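One chain, chain A, links the two complexes that follow: it is found with chain B in the first and with chain C in the second.
Up next, the complex of A and B:
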């Protein structure tokens, strides 16, 4: 391939070649010429100008009408040139924004980071993958001195940066509640008031909060409109939906949340997720909840962390590696 | 393949019927919001939204209905959702919104 030179001489040569031979190669080179021109911020009217000059050199006796019409075209192209310049500057701005968002996304990860605790007798696996740069999903583990484990999983409805920012608010208000108010219903009631006061009306948050006490093996939980998880009863070898009724956070300031209990025995499992898992979209349909459970079942024999990662990989493949929604999955197995 | 949402508004005295058809998701939600919210700003108006032809809705759709509900409280109008398909209804049930939004899946008739 000949190197394309960005000058009048070269353009004249190409034009001439094409006028005489109608050779496709010249057309291709003209395309290269344009691409190179764009890289050098050469405006469309400049190209028209080069064309006029080249034309006059090849045809010194160019009829005046053609000459005039070319000048007319030149004028007409000027606003295209301006629009193109604007496009360029927007493109630069977009790159800047993108890098700012990635700074924000890193910041979010730092703010929301949670340590997967080790609790006697529990095998815990957790994964959360954002569909875009910033996530609207969130999970958090709290372990106190008594080895009690608090688990929060939440999903902000209303995507993008504002949603992600409001998650940080949730985390910090949760951290500020006194230990005495750590039961699930109280936590949701408090958070609900925080969200109701501080978040845009079309934005709301679904959240599930569970509290496991290894001394009693009791798992207490409440849900604020969150996608139901699953409970595996090892003795009966049966998966059930963890049913818990409750209004999403941020809709009404006096919402009361009911608290439920489950006794967790050896071999039992608790599976928590967000609707990014259950609303996984295939080419022409949505995956059903039963299918989701079937996929999860395939991997629950693995250690918990490996299991959540395998389930994620499975759904990622299923969706052609294009997540439509943030994906969060937690599996807790009681192995003693 | 991207599905669309069709919104048809029929004024009927003190009742406004809103017929929706298609999918309600992040892409179509602005259209729904634009059509629905102004209707809730008229006092004593009953806005009856027919969701029979809506075969998919995600959580961003719920956001619009919550905004609409809040708006009806402010302007003293009323919002009612009718003829929901099971999957859409489930979303309102999980999120507990069925306890604060009037939902009637059994209604038959009306000028569809």
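Up next, the complex of A and C:
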């Protein structure tokens, strides 16, 4: 196929060929001509103009009525040309924004990164997948010298960039607390004051904080309105909700959080999640919490990390690979 | 600068008058058909803005004859409410009249030079030039 030339001469040739033969090949070449024109930002009125010129060359005695009607068409195309140019420039802007957000998302990943610690006797699995590029979910592990494990999981109501910005604040506030301060209720009370002072009143953050001490096998926890997780009691082969009362962060500056305790025995499990898991939308309804638990149960025989990944894959497929909310799931199994 | 000719914009039909005079100037200077149509469309947008937002104003024309180039200078002046945020009205996709590609960014695309001065409560002045393509 000849290279399509973006000039009047070429258009005239194509037009002439078509007028004589009504040949499909000429039409195909006209299509190529249009595509090339678009790549070179040629607006529709210019194509009409090229058409008029070519027509006049082929038919020097073009009736005045046809000539006038073609000028009329040219005028009518001007606004289409403008709309097309606007569309092009908006498309470029959209690409710029997209790449800017992806830089921000990378930065967020670096800022919020956490290392999954190894604690003797525990098998830990964790995954967090944002619905869009930036996440409003957050989880974090803290291991201190005495091998105790702190686990934070939080969710900003809302998603996208504003939620992501708030999350960075939570992470840095937590980093600034002294290591000696490990009580879940005290940590939530301090964070609540930070959020109340610094975040827009329309934005809420739910959070769960747990502390596990391998010496005593006790799991202490507090919740700030966070989606309840599940506790698996191996001896009774039974899943229970980890119930904990507490107001979401940022509502009032003197909120007090109650602290609860669980004794974790061999084979027991703690499952923590965000509402991106439990509010997984099926075609016309939200999934029920019982159904969520049923799905999780299917995979808990696997090593913890594999289990959280399989649960995610299951829900991703269930939602047609279009996550509507950020998804975070943590499974902690006690092996010994 | 004294402009050779001005058209007052009071009613919607004055927009047509402004287009007519602008096109005559454009023809005289030697603009091609496509550029004539672009100039007329730019005049429409400028005049419509006056008609819609400022009640009264005018569109003026001046032929530029320089040694090496010719052009048409169009001035749109009104005593309307003025534009508080010029950057915003110059943004693509922002159009109070809701038209695709329309508005002042459209005028800027249709013409070669574009300048706008506006003061809230006093009015707006838009100066724009199109040069004849050699």
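We adopt the following convention: the second predicted complex is superposed on the first by the 291 of 336 C-alpha atoms of A that agree within 3 Å, B and C clash if a C-alpha of one lies under 4 Å from a C-alpha of the other, contacts with A are read in each partner's own complex, and residues count from 1 in each chain.
Here is the rule we use: contacts are C-beta pairs under 8 Å (C-beta built on N, C-alpha and C of every residue); 3 or more make two chains touch, one makes a residue touch a chain.
These numbers come from a predicted model, not from an experiment.
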item	value
Which superposed partner A:203 touches (first chain B, second chain C, both, neither)	first
First, second, both or neither for A:228, with chain B first and chain C second	first
Contacts of A:83 with chain B and chain C, given as first, second, both or neither	second
Touch count on chain A, higher of chain B and chain C	B
Chain B versus chain C as contact partner of A:155, first or second or both or neither	first
First, second, both or neither for A:252, with chain B first and chain C second	first
A:75 touches, of chain B and chain C: first, second, both or neither?	second
Touching both chain B and chain C, residues of chain A	none
Interface residues, chain A side, partner chain B - complex	155, 157-159, 201-204, 206, 224-228, 245-248, 251-252, 275, 279, 284, 286, 325
Of chain C, residues touching chain A in the complex	32-34, 37-38, 40-41, 92-93, 99-102, 105-106, 109-110
Residue ranges of chain A touching chain C (in the complex, touch as defined)	45-46, 49, 52, 71, 74-75, 78-79, 81-87, 89-90, 93
Sites on chain B touched by chain A in the complex	1, 26, 33, 56, 58-60, 62-64, 66-67, 70, 94-97, 99-100
